[in-house]
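First subunit A sits with subunit B, and in the next complex the same chain sits with subunit C.
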Partner chain A sequence: MKALRNFLDKVKPSFEEGGKFHAFRSVFDGFETFLFVPNTTAKRGSHIHDCIDSKRAMSMVVIALIPALLFGMYNVGYQHYLVHGEEASFWAMFLFGFLAVLPKIVVAYAVGLGIEFVVAQWRNEEIQEGFLVSGMLIPLIVPVECPLWILAVATAFAVIFAKEVFGGTGYNIFNVALITRAFLFFAYPVKMSGDAVWVAKDPLCCVGSENALLDGLTGATPLGQVSTGITEITNAVGASMSPMDMVIGLYPGSIGETSVIAIAIGAIILLWTGIASWKTMLSVFAGGILTAMMFNSIGANDVMNLPWYEHILLGGFCFGAVFMATDPVTSPRTECGKYIYGFLIGFVAIVIRCLNPGYPEGMMLAILLMNLFAPLIDHCFVQSNIKRRLKRANK
Partner chain B sequence: MDLFSKKNKETFFTPLWVNNPVATQVLGICSALAVTSKLEPALVMGLSVTIIVALANVVISLLRNTIPNRIRIIVQLVVVAMLVTIVSQVLKAFAYDVSVQLSVYVGLIITNCILMGRLEAFAMQNKPWESFLDGVGSGLGYALILVIVGFFRELLGSGTLLNFRVIPECLYVKEGGFYMNNGLMVLPPMALIIVACVIWYQRAKNPDLQEKNN
Partner chain C sequence: MSEVIRIKKGLDINLKGKAKEVFSKAQLPDLFAVRPDDFHGIKPKTVVKEGDSVKVGSVLFYDKANPDLKVVSPVSGEVIAVNRGDRRKVLDIRIKSDGNFESVPFVKAKPSSMSKEEVRKAILDAGFFAFIKQRPFDVVANPEDAPKAVFISGFDTAPLAPNYDFIMVGRDEEFQLGVEALAKLSGAKVHVGINVDNASKLFKLTKGVEIHEFQGPHPAGNVGVQIHHVDPINKGEIVWTVNAQDVAMIGKAFQTGVLSFSRSVVLAGSSVKNPSYCKMVYGASISNIVANNIEGDNVRYISGNPLTGTQIPADGFLGAFDSQVTVIPEGDKNDEFLGWIMPRLKKFSVSRSYFSWLLGSSREYEIDTNVNGGERAFIMSGEYDKVFPMDIYPEFLVKAILARDIDKMEQLGIYEVAPEDFALCEFVCTSKIETQRIVREGLDFLRKELA
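Our next item is the complex of A and B:
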């Protein structure tokens, strides 16, 4: 650690004004503050109530995502061997998943951070750290068969148009990772929805099964099956699934969203460190459960008849509630606002699932929609607080 | 009288870029979204609007001293409606496919804000020749944005330009390649984003146009 510090101090002058690497100042700065807590302090005002800066907070979120990531890798390999009908060891499955997922992580980070570095240098600002989390979220919310160049295009689009044009990290209205997914979903629907993209079928770098695919293979996500009128949910090879299987999460879906257990570990880390708001998380689940129960009692189509606990366990609901809805930038700042915001996310997600057959999964659109309303929710609560206190003061 | 005096040149050239009706005045956005998913309808639409604005400007400018102030909007509308009908009939007769693609939007040129804007703001106060130049300039400025938007939307959304294949067929997934058309380009939101990029570029080139923060 000491040697690293000394090395950084030694090379620092060449990155400062007039140094020969000044063009890479923002890159150096970004790495230095990534590795070490900066020595500078705020010049004005006293806002600091904790020594954790936003890079540290972002790192905690990345750590919280790791269980979902590791499980996602395993699941990718598991599905691959499953549909080929081949037995494989745990490590063979994991290796396959690792090879399938790692390029996506590398591409998301390279494209996103590349754009951030260029923009920071151009504006003469520090590199902002928001992309540390987005770059990890993006690979977790896409299907495994999503081509890398499409992922790169979508990431670039989201970073430029959802973040940089609004002023960078902390100013974006919409969650950047979800904009990436929305772009993919509307621009390349063939690669983002349907039955064919959720299971990796071809071997990668000589790893994987050479067997032919099994007969009777569906490969559709559980929610995809429900929306096409299949009442008994099956996994990729047609075996029926119990709620326990849904909790464990060995079924086709976006890479990181399937396992409720892995997401729960992430949720515990986020809540324990106080980075995510339990109010948002709780109210998303409350909204989703109540809405699903309401539709259960109506029961006019197959999706409405899906039991409420399966609504919560399947698809991106848990992942969205834990990692997306709690994004501190795009969710409301007011404490009461968080309840309303979360509740409406759960409500809208289930409404989209039940009432729009075109979108089997509504979580992405629900969170993006509520991102849009977060400032309005804040405004209403702030104004009502001001009014109430004025009344009290004038009494 | 000098037909191409400095002032007249300015009348013609400012609406092309600096005072562009779409990018600067933000008029006629709806049709910029509606007809630009392919380059060909965008071109035809741009030319139709150019012809209509130019001729309407001339007619109104000739009548400007005889139109009673109270009913001037009605008179302007009648003139525009006549021209729109003529253009619409010509398109149906000689370019039927394009007129089918443009569908109601040719008829809706009558509601295009650029038209009434130029008639009210320019043709009512100026002589026919100046009004003609202003109309052609405004129309071409509008057409320019439409063509830019249509170019990118058709190229990235369909892989063609004016229905000629630009991105080779062999790159596509179904032919064994890797490439796919961007479906979002065909949807209207992308037109807005491209218009926004044009505005971004235009403001960056002309810092005078940037709105001041109060």
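Our next item is the complex of A and C:
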């Protein structure tokens, strides 16, 4: 470590003002603070500080995403061999999924961090860690067949127009990863929805099945099936699914969203470390369950008739509730506001599913919509505090 | 006595290096310095120059805006320097003590038998008024104002803070006289906040005060928190606050007819070999008490507690409002490798992404001055709320201050707060935002705008 420190100290001057690599100052700075905690000390104000920093907070979220990521890789491989009707070992499935998902992670990070580095250099600021999380979320919420170039375009769009124009990490109104997905969804609907994109069908780098595809497979996500009037939900090859299958998550869907178990592990990490707000998470589920129950009792169409627990288990509901709704920057900043915010996300998500035949999945739009309303929710609570203070003064 | 006010939000930071309840034998130093910056809100007009001889109580400077408001010498001797900085701003006035502490005379009488004008004149002339602070704005009070109340905190919950039960022992009569003087001077009710877990015998026996019992973690001992829960400040109202030791200091002058700026000070911190209490005088050089008493050579000396104190050099001087000197390790040479992902079992954090919350509250931590990360925009939410026991949204107030939005600042309760109330917010902040500086600037801005 000493040698590394000495090396960094030696090359540091060439990255500073006037040095020959000054154009890469933000990159060097990013790596230096990544490797070594900065030696800055408090000059005024509090002389001591808690040892949490935003790197720690962000990396906890990345760690919490790993179970969903690993399961997603496995599921991609599993679906691939399933639709070809070929038996394969666990590791073969995982390898296939790994090869399918890794490029997406690389592209998301390369594009997003590249823009972050440029902006940090341009603004003469430190690199901010926010994209560490967004870059991991983006590959997990897209279909496996989403082309890399489209992913790159969408990531660039989201980072620039949803984050940097507002001022960078901490200033954005909308969740960056969800803006990426929304951009994909509306700009390239063919690549993002329908029945053809959820299962990787072609072999990758000589890995995968050479068999022909099985006949009669649907490849549609369970929510897609329900919205087209299929009442008996099946997996990619037409076998019916029990609620337990939905919990395990071996069915077609966005890469990271299918396994409730993997997401639950992530949720435990986030709640244990206190990085995500349990208030938001709990109320998203409460809102979703109550709304689904309400629609169950109305039962006017097939989606309304989907049992409430299947509403929660299927699609992006769990993933959104655990990883997206709890983003502190785009959530309300008041503690009471988080209950309302979460509840309305759950409510709106199910409403969109049930009442809008164009969108089988409502979670993305629900969270983005509530991102927009978060400042309003805060405003109400802050105003009530202000009124209380005024009332006290006039007493 | 009313019911106990329970403070639920807050944080006790259990630091290594707590002082034993004994007084060390350290001699008072020869060198003293008075810093005008300690008396926030005063625009100093210096009246002494190098070579002048002064007594305890000789005026050093007064407030340009209010010439009655004087700051006096804590010691008798000779002014050896008036140090100035940029634009001839006075940084400090250094005085070499002759060791006699010869005082200018003071009225020896019971304040209760004096008229308000007599008490006022005595306190102003003796330079005691500079030790009375006011809210809003957390500045030295204005003698022309009529406050609605006077608040004295009878305990200090800050990390390594002095135990008032110990340092106030035997000062019952002084405190009683000081309270009477303040009551006469202000014409308002005097409130004393005490900790329900402490004996606080002295405070309970004091007549003419309203006692309020508090329970809970830091900042329960902050006078601002106590005001908020007892009699909150609305727009246009003024509350005076005085440190308990300074009340006794005022009382002692009425008791003896002699001025003395002596006070008990705790020397604590993980870099101190023998943390203990000592008798000091405000402005005294700390060199005697820290001599041969410090472990390690890369340490930080703080006049005050580690959350709100001022960094001073090893031969620096005790601040006017401080009764604590803290010495902790510097964190400027840590070179900690990948610290943000390590378990960091020896470090303290309120975040449960570390393990210190599992290791019990009795565990003591050594915390150095490293900020442990880079400054960011607000990211995590709800962190400040957990350590800010007032009905105020601290984050929204800080944002209103940053935006210099006067209406919002007023609406969100800026008149009730002082920078010290935000010290814990600054400690826990994931984004390492300098909230105390922001609040200080906001208060100064508002005061200037409303003047």
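The rule is simple: the second predicted complex is superposed on the first by the 377 of 395 C-alpha atoms of A that agree within 3 Å, B and C clash if a C-alpha of one lies under 4 Å from a C-alpha of the other, contacts with A are read in each partner's own complex, and residues count from 1 in each chain.
In this text, a contact is a pair of C-beta atoms (placed from the backbone, for glycine too) under 8 Å apart; a residue touches a chain by one contact, two chains touch by 3 or more.
Values in this document were obtained by computation on a predicted structure and should not be read as measured data.
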| item | value |
| --- | --- |
| Partner, of subunit C and subunit B, that touches more residues belonging to subunit A | C |
| Touching partner for A:60 - first (subunit B), second (subunit C), both, neither | second |
| Partner chain(s) touched by A:150 [first = subunit B, second = subunit C, both, neither] | first |
| First (subunit B), second (subunit C), both or neither touched by A:35 | second |
| For the subunit B and subunit A complex, residues of the former touching the latter | 178, 180, 182-185, 187, 193, 200 |
| Subunit B-facing residues of subunit A, complex | 147, 149-150, 153, 161, 165, 183, 186-191 |
| Residues on subunit C engaged by subunit A in the complex (per definition of touch) | 13, 15, 159, 232, 234-235, 300, 302, 306-309, 311, 326, 328, 330-341, 344, 347-354, 367-382, 385, 391-393, 395-396, 411-413, 419, 423, 426-432, 434-437 |
| Residue ranges of subunit A in contact with subunit C within the complex | 1, 4-5, 33-57, 59-60, 126, 128-130, 167-171, 272-275, 277, 328-329, 331-335, 378, 381-382, 385-386, 388-390, 392-393 |
